[in-house]
Amino acid sequence: MGYVAVKGGTEAIHNASELAEFYRVKGDTTPIDIKQIRAQMRLAIDKVMGEGGIYAPEYAAIALKQAEGDVYEAAFILRAFRTTLQRNYYSQVINTREMFVKRKISASFREIPGGQILGPTRDYTQRTLDTAKATETVIDIKTFLDGFDAKIDPEKLEGISTFGKVIDLLQQEGLLAPVDPTEDRSLVDITREAIKFPAPRSARLQMMARAETGGLMALGYSSQRGFGAVHPTVGELRYGTVPVRVKDAGGRNRYIGKIEVTENEMITGSKPAKKGTPPYFTIGYGLCFGHNETKVICMSTLDTAMRRPEMGAPANDQEFVLYHTEGVEAMGFTNHLKLPHYVTFQSSLSNTRAAVERNNKTNKEVEQQMIQMQSV
Amino acid sequence: MQTELHYDTVFDEQQHFRLLLDSMARPGKINTFPAMEIMPPVGLNQASALTGFALLNADTSYHIAGYNGADIAQYLLVNTASQQASIDTAEYIFLPENHDGRGLEKARVGTPVYPEDSATLIAEAELISEQVVENSLGITLKGPGVNGEARVFVSGINPALLEYLKEQNVEYPLGIDLIVTDKQNNLFCIPRSNAFTYIKTN
Amino acid sequence: MIENTKYTNKYNFAFIDEATKKEIRRKLLKAVAIPGHQVPYSSPEMPISRGWGTGGLHITLAVIGKEDVFKIIDQGSDASVNACNLREFVNGMTGCKTTFDTAEATLIQTRHRITEEELTDKQIIVFQVPLPEPLRMVERYEYKTLQMHAEADYAKMYVSLYESYVRHGAIMQGAGYPVMVNGRYIMSPSPIPRWDTPNLNQAQTLFLFGAGREKRLYAVPPFTDVEPLEFEDVNFEIEDFSKSECYKTGYKKAFLDEIYSDEGERKFVISDSNFLDKKSEKQETHQYSNKYIDQLQEYGL
């Protein structure tokens, strides 16, 4: 059957989607429990929530299952779902100083207030393929958890929260560049209006918080390697939970729950704006849902890079960075090339055929002239 | 002030918008909102109220340039959740019959990059008709949406308002779009893209 | 445990929430009042991929009512796979009647074609637009293209078209040939073939354009001047099918698709599937006419 056989299209797409469903389950294995996905695919879920722009681990798990683990597709499904939800409240500004910290590191100082807290990280492990995972059993997990619990001394458990920040130290010492009074500090909502350039920082940070991690990584990396030359130091990278509050109809603040976020403050030396100004430090900021350190590191690198358009590299270019790291849009458009384009192609064909014909004709004329000249 | 119970915010709104779209796309074309059981306060005719219902919500703002502003504002608030704004920031400006355009020079006309960031006027008239009516202005329109020339007769509209509109629309694409409504639920539009002339018919 | 009730999500009529519909509607009125000018809008995500007709869908769903009869085509075909998917979505979210019959439809969404049959003043056609900015091919930055439109500074565009002529002996722009609307804005008519472009000029119908990924919508009202960009000595030309004919109907005066059999034999067939059906069944049709098509008739068709 043809690609666009007349009146066959509907049947074709139904069959194709049924076949896709068949591929999802054809192994005829036990269905993965949503609870299992939530518990064991934590980082995939965080990526999907961040790029999907909605904090809903359960829905992210469903989307991942539905999309056979394709995080782009799952994030897209969540974005589409998100737009169907009624907006009842806007949250109050989240204060990350209230974070219940699970991990907190600084690369800029050996010791920081509250100490370096490694928390859950795979950074210092050997990334050897752990074939034991292939035969992991429920009992293995239980044994591990029991052993883990036994090591914890409840006497020594202290909540780690409400720390000052490394940037406070720099601020107190007067090393941070004062905020540029000419910077656009207006607050826009990128989900309610199209972004306009030059975009205020609020729009840039929102765009990046929903951007595709890989896209941010490519551009953040390019800046660190030398295209745009941002040489940053991690001031403080944190992962933990923060409370979310809304104002109710009576104007009272109401706690509605907590969400996990990763936050990064990146320190960069600045180029003095004018003679006589010292080369202050500037802070690049990154924040996203869940646990995604690559994302916030690259986001904060790019935050700084985009404030220096004069450097002229791709990472310094707002339009370039923000439009092309928008994963849902980028995926949609790159894949739309699969759609039939035969009408547009026909239009190019007729132009190209005519141009080739003209060219052949000209060549022939030149040849004729040459022959004539030779015969003379 | 009560919420209108006979107004369907999904289907009436859609139907009324289509009439507005048709009139905006065909300047001078008269459309008529179906009769509805709504009770706007004095100073706001049904067609203007329905136009407001179709376009206003919490994301946009309006200004009342006529009398009984407080009642009308309250009515629009409970029915659309839209906010009142000053004449120089409002996106929609409601005008009573025979408004002379005074004060409207402050209304937004957009910027060269975003000419759509401009005000839309919803002006009330006595009667809109394809035929000459008593004390009417005959308005002739020319431009996009009009096949050659369009003619519409309106009573209860002030020539000064039309003069004002002409002035605001000189620097096209900057400008202001006008929706005219009457007591019979009729409406027609003069978008900024159209040039027009008018004469007193009697 | 997850409760099932949590997942029963009822969608609004036409899927999009009323606040967003209103926003799109307000902007459509502005777009109509400033023909050819691209108006930014919120463009919320849809359950359809970006670049696959979301802009068209936003407009369709913001204007559609219960009484509308909906038709959707892709490359002229009612049966194209993506069109089928979007048709089912619109139908599922509105319950509107759908049709293949161009004349019966009140609201038509299209990708890359205008119907061969002339549309009337009772119909609206909505174009899916992949790249709304016609100046993007000469200027990559948005803040600069916005300025160019604001100042009607289109020199770069004309230079680029003329360069194409100098280099190749013709303006090589294929589908999506840029047009001047109402003598003010250069506009992308979406990637319709040049065959369709002249039918935008002084038409009966309201044309609405939606570019979802780029978050822009724009319009051409009826009876508006829409002129393909050209020069005194270098003119716009439509695709020439005078040497081909539809293998099913023998008809020539329509946009034809070039198809190849398994043996590699080249054939042509009418691109507009409903028009093909009507021609095959010898039904009456009222086709668009314009000076470019009329020239073809002089070839002795």
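The chains carry the letters A, B and C, assigned in the order they are written, with residues numbered from 1 in each.
Note that a contact is a pair of C-beta atoms (placed from the backbone, for glycine too) under 8 Å apart; a residue touches a chain by one contact, two chains touch by 3 or more.
Here the structure is a predicted model, which is why all the values come from computation and not from measurement.
A simple rule picks the central chain: find each chain's mean C-alpha point, then take the one closest to the mean of all protein C-alpha atoms, which gives C. Seen from the Cα centre of chain B, the chain whose own Cα centre is farthest off is A.
Centre-to-centre spacing of chain A and chain C amounts to 33 Å, using the average Cα coordinate of each chain. Chain B has its Cα centroid 45 Å from the Cα centroid of chain A. Shared interface positions of chain A, defined as residues touching 2 or more other chains, are 192.
In chain B, the residues that reach two or more other chains under the touch definition are 59. Counting partners per residue, chain C has 12, 40 as the residues that reach two or more other chains. Of all the residues in chain A, the ones that touch chain C in their complex are 3-10, 12-13, 16, 34, 58, 76-77, 79-84, 86, 191-198, 319, 328-329, 331-336, 339-344, 346-352, 354-355, 358. On the chain C side of its complex with chain B, the touching residues are 12-14, 18-19, 21-23, 25-35, 37, 39-40, 63-66, 121, 146-147, 149-151, 182, 184-185, 202, 206, 219-225. Per the touch definition, chain B reaches chain C in the complex via residues 9-11, 13-15, 17-18, 20-22, 24-26, 54-60, 91, 111-116, 118, 120, 143-147, 172-173, 177, 191-193.
Residues 2, 9, 11-12, 15-17, 20, 40-52, 54, 74-85, 87-88, 100, 111-113, 130, 141-143, 168-170, 172-176, 191-195, 213, 215-216, 239-240, 255-258, 271, 273, 276-277 of chain C touch chain A in their complex.
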